[in-house]
Amino acid sequence: MSHRTTPDPLRGGPMTAPAPGESHLDSSEMILNMGPQHPSTHGVLRVVLKLDGERVVDAECVIGYLHRGVEKIGEHRTYMQFNPYVDRMDYVSAVSNGLGYCEAVEKLQGVVAPPRAQVVRVMLAELNRISSHIVWLGTHALDIGAMTPVFYSFREREEILKIFEKYCGARLTTHAFRIGGLQWDLYDGFESDLRRFCQTFPARVDEYETLLTENRIWRERTVGVGRLDATTCKALGVTGPVLRAAGVAWDLRKAQPYSGYEKYAFEIPVGENGDTYDRYRVRLQEMRQSCRIIAQAVDGIPDGPILARIPKVFKPPVGEVYHSIEAPKGELGFYIVSDGSLQPYRLRVRPPSFVNLQALRGMVRGALVADVVAIIGSIDIVLGEVDR
Amino acid sequence: MSMAGGWWLVRNAECCRRPGVLAAGLTAALPAPAANLLAAVTSPQAAATSPPGNTGHFLLATVYILLIFAGISVGVIVMNWVERKVLAHMQVRLGPMRVGPHGLLQPIADALKLLLKEDLVPQGADHLVFWLAPVVVVVAAFSAFTAIPFGPTAAVSDLNIGVLFVLAVASLGVLGIIFAGWSSNSHYPLLGALRAGAQMVSYEITIGLAVVAVLLHTGTLSMQGIVRAQIDHQQWLLFREPVAFGLFAVAMVAETNRSPFDLPEAESELVAGYHAEYSGFRWSLFMLGEYAGMMLVSAVAVTLWLGGWTRPFPNVHAAGLDALFSFVPAACFLLLAGMALRAAWKMPGHRRWRVQRDGLAVFGSLLLGLGLLLAVPPMRTACQNVFWFVLKVAVFQYLFIWYRATFPRYRYDQLLRIGWRILIPTALANLVLSATLTALRP
Amino acid sequence: MASAPWEDAFTAALRDQFGSHILNSELYREQKLLHVDRLSVGDVLRALHRAGFDYLVDVTAVHWPKRERPFDLIWILYSYADNRRVRVRAEYPEGDEVASATPFWPGANWLEREVFDMFGIRFSGHPDLRRILLPEDWTGHPLRKDYPILQQDQAWVQLHLGIERGQ
Amino acid sequence: MTLRVPERQARGTIRPWAALRERLLRLLPLDLLRGMALTFRRQAPSAVYTEQYPQQRPVVADRFRGAPRLNNDFETGETLCIACNLCALACPEALIVVGAERNAQNRKELTFFTYDLSRCMFCGLCEDVCPTDALELTQDFELASYSREGAIWDRPMLENGPTPKRYEK
């Protein structure tokens, strides 16, 4: 059945090219279009599967259904005006996108956000990491057939979104940060909201663990499924929890700290096998670690201004800069070229989902159809970011 | 399920209004089987000794079939509502709330919607088979009920090969599923049908072996006979064949394609599996068949292992216990009525809630009336057999929902592995063990 | 702030190896940038890969239509072991093929496809150079500066979507 | 920090009887029962998290960015807008059009103001730049209309606010 598949996870090339020894005239193979409208492709991802029975012989991702030309739009907006657009790339973690973009532009301009702004940014970004992981958890569990976690996780997400709404007036596409710092100061009760969240949240994570971590069905479905070792991860440029699940303790918050992350004590959860189960465990642990960071940040919010002094008409000097942050899905980078005008000359987004999605093909080859949805879920992609 | 029972009871209540003289007169006037039935309703003690069932009488069989058809349909509607509510509450949601008080009329609204939807047949589909598939599913699920004894006499027939008949007819359902998957001329349904085929074939064996283990103890294939054997043993077969029951309890979930074995229609993998191309009324037939199938396997499990229509602790006949148990049906309905009335009472007073509040109050009063009716002595004794049967089946239905709320889904190969490498060997070993023990028993 | 020259043992070693093909090495906002002659880009990338830059962060391009060689190709590299980044930049004329980085970093596959899609720059040695985000039969490369923001392949839109205009 | 994966780590070093015990324990579906206990407990009506939207209206935060409004002076009832056009310039989508003409005192006076809600992404940049707090994003969040034209708000609509039909049942 499956034994004709080549175990080379790095194989590129169009799907129709036969692998060595692979027969071209096999009538038992079937082409199945999974997506762009499918319950488990998390948006408009289309995966063309070549099936032998239920066994995946080869797969190819077809993307671009949500392409809006964000980079082109960036070249036609001022730096300030482009800020809300980055929220709409990875719309599940809009705050992280905003953080990456604002810091990149600040670096280009040569300003640094004031300490108070940095702490608030860290708190919101970590809340956002939790909310992003929580959406991932719920939908991933739903893909694997567990209906209930998605509702529990959306209950917790609601708490986070309420904090976002109170802080910046929007729940999903927050536009929370401004270049140079923040638009709004904290609202009354922000600290108590966060403290309450940090107190209740770990117990909620325990609930997910009760439903999934030790559950034998969950483990059968995830342990050993979609393995990706560290070498392959590095070769493909895969970052984020997928890389960490493969055993590489690499996190930009530790490796190249930004926004004052060096001040917080937290650990990088690492997996061993790089399979779907380890990715799940890594993300659950990351949620707990984020909670730790938030708790530390709440206790040390400094006073002071929230916005650095930047000119109203904002023209960064000629130059180019690449800045990346650890978004919930991996390394989110912004490469901005300035020609000294009001608008970026070139604005390139290095999307983690896009790069991570490349690993899908190698992971699903030889797996079953049911594994495909589990693996897609475990990479944690958002098509808004893949297609931009 | 309790609604199904309730419905049945209402119909029977007509005969019970004027017991005594009228009943005696009618008994003389009616043909023998009907007289048996009437006698059974008015005096169950007599019925227990009379020959089981009313086999062979055309009119009565028809009445029973209609009763069962109506009862199961109502049961499906109730099950639909209960599933959505229970599932929702387990998932910290409310579930349907808009149509009727607490969404009580939602299943009816949905049924209407499905009836009114456009009837779509995909291009390139095999029309005849596409049309036939849901019919096969429903017919298979419903006809197997003809051999299920809801009470000592409350059955369409008492086939001497009852168990075989039920298993054989119920397993025809997979044919409908394969028809549906194949005739849709579409990839996902085809995969779903293949999964269903492999799954059902594997789990049929386990079911068969588990049932055979029971038959060792009963010595009869008649469903009625199996319950009577349990009455004679003074013990539910659950305690003699716990392993077989466990195997059946797992296999019946797989047999009905329910979570965690819902691979043929796994929505996150195969969109909707074998019925992906079905819509409207045809789709609703699949749903009807699925729910009827759930009730059917539960009914089989209840009959084979849980003493059928007998009340709990059938072997204990302490003073007053019989009377106490005979009040349980009424108490159940009164409890439900109390819950409904309390919910109606607690609803906010605002006028936009008025329709809901009044509706709930009416529903509660209805339940209250039913409960009071069941408390009347002749009704009490007449209905408790069916009540216990339905209650036991309802417990299984709740389990089905509970599984669905809790478990992830198995993968195709894992499902087959469990079937072939765990369940079937265990069932075989259990069968051999049981047979040996039975043979050694004096 | 002007950029500062970047001279250390690393650049010295590179200059030893490639001589004048390393056109410039600079530091801007503490970020390291190598300006490389396009003819030796493949070799420089290979050398960097061997030097421990095992993670290709990004491949992208910038279009400067008024220049003689209008395309800047940028490779952003990272070394896990040394925790350092470097950007490699090379200028290309229109129609020139760029050596693909896929032999060293298989992850360059999609990134290069995106550059091809958006700029029309072809990569030699790429296993599967097709459009990735836009439809395969689309005309034009949107991130070129001569492609206005409202421009669309209206013929494609009318043919495939059955609507008059896409915007 | 490495993840705690008790069973898999243990399997290599464990003694055979312990492995047997583990095997036997796996026969008992404790993991499944724990999950079932959790879902069973969550059935309590107090755990319900649903908000029954039309009946229970959410209270949105003070900073919520919803329907735009053009504020008038409380006392005089005149518009606060000085037609400076900053909002139109700040808007990334360029969906605001401000019409102004010079009056007798050579001061700019607002003539019309249109706001195309169908393209608005509620980023709040227009509100931020407004020097007189005339333009404000309010807490109104029900913005559906039956036509695309209905999403383009003119000055009276912006000043008086939308009057959505509240669905009461």
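All chains are identified by letter, namely A, B, C and D, in their written order; residue positions are counted from 1 within each chain.
Keep this in mind: a contact is a pair of C-beta atoms (placed from the backbone, for glycine too) under 8 Å apart; a residue touches a chain by one contact, two chains touch by 3 or more.
Because the structure is predicted, anything quoted here is derived from the model rather than measured.
*Asks:* Please name the chain that ends up farthest from subunit A once chain centres are defined by their CA atoms averaged.
*Replies:* Chain centre farthest from subunit A's centre: B.
*Asks:* Based only on mean CA positions, could you tell me how far subunit C sits from subunit D in angstrom?
*Replies:* Result: the chain centres lie 38 Å from each other.
*Asks:* Report the inter-centroid distance (CA atoms only) between subunit A and subunit D in whole Å.
*Replies:* So the centroids are 21 Å from each other.
*Asks:* Can you compute the centre-to-centre distance for subunit A and subunit B, using the mean CA position of each chain? Integer Å is fine.
*Replies:* Inter-chain centre distance comes to 46 Å.
*Asks:* How many angstrom between the C-alpha centroids of subunit D and subunit B?
*Replies:* 46
*Asks:* Note the residues in subunit B that touch 2 or more other chains, in rising order.
*Replies:* In subunit B, residues 90-93, 405-407 touch at least two other chains, as defined above.
*Asks:* Quick check on subunit C: which residues sit in contact with 2+ other chains?
*Replies:* Touching at least two other chains: none.
*Asks:* Mark out which residues of subunit A touch at least two other chains, giving numbers and ranges.
*Replies:* 148, 151-152, 155, 211, 215, 217
*Asks:* Pairwise, which chains touch?
*Replies:* A-B, A-C, A-D, B-D
*Asks:* For subunit D, which residues are in contact with subunit B within the complex?
*Replies:* For subunit D paired with subunit B, touching residues are 32, 35-36, 38-40, 42-43, 45, 47-50, 52, 55, 168-169.
*Asks:* Given the complex with subunit A, which residues does subunit D contribute to the contact?
*Replies:* 1-3, 5, 8, 26, 29, 31-32, 34-35, 38-39, 42, 49, 60-65, 90-92, 121-125, 128, 137
*Asks:* Flag every residue of subunit B that touches subunit D in the complex, lowest number first.
*Replies:* Spelled out, the residues of subunit B in touch with subunit D are 86, 89-94, 97, 352-353, 402-403, 405-407.
*Asks:* Could you pull out which subunit A residues touch subunit B in their complex?
*Replies:* Interface residues on the subunit A side: 30, 32-33, 38-40, 53-54, 141-148, 151-152, 155, 211-212, 215, 217-218, 220-221, 368-373.
*Asks:* Can you list the subunit B residues touching subunit A in their complex?
*Replies:* Against subunit A, the touching part of subunit B is residues 87, 90-93, 187-188, 191, 194-195, 259-260, 262-263, 266-271, 404-414.
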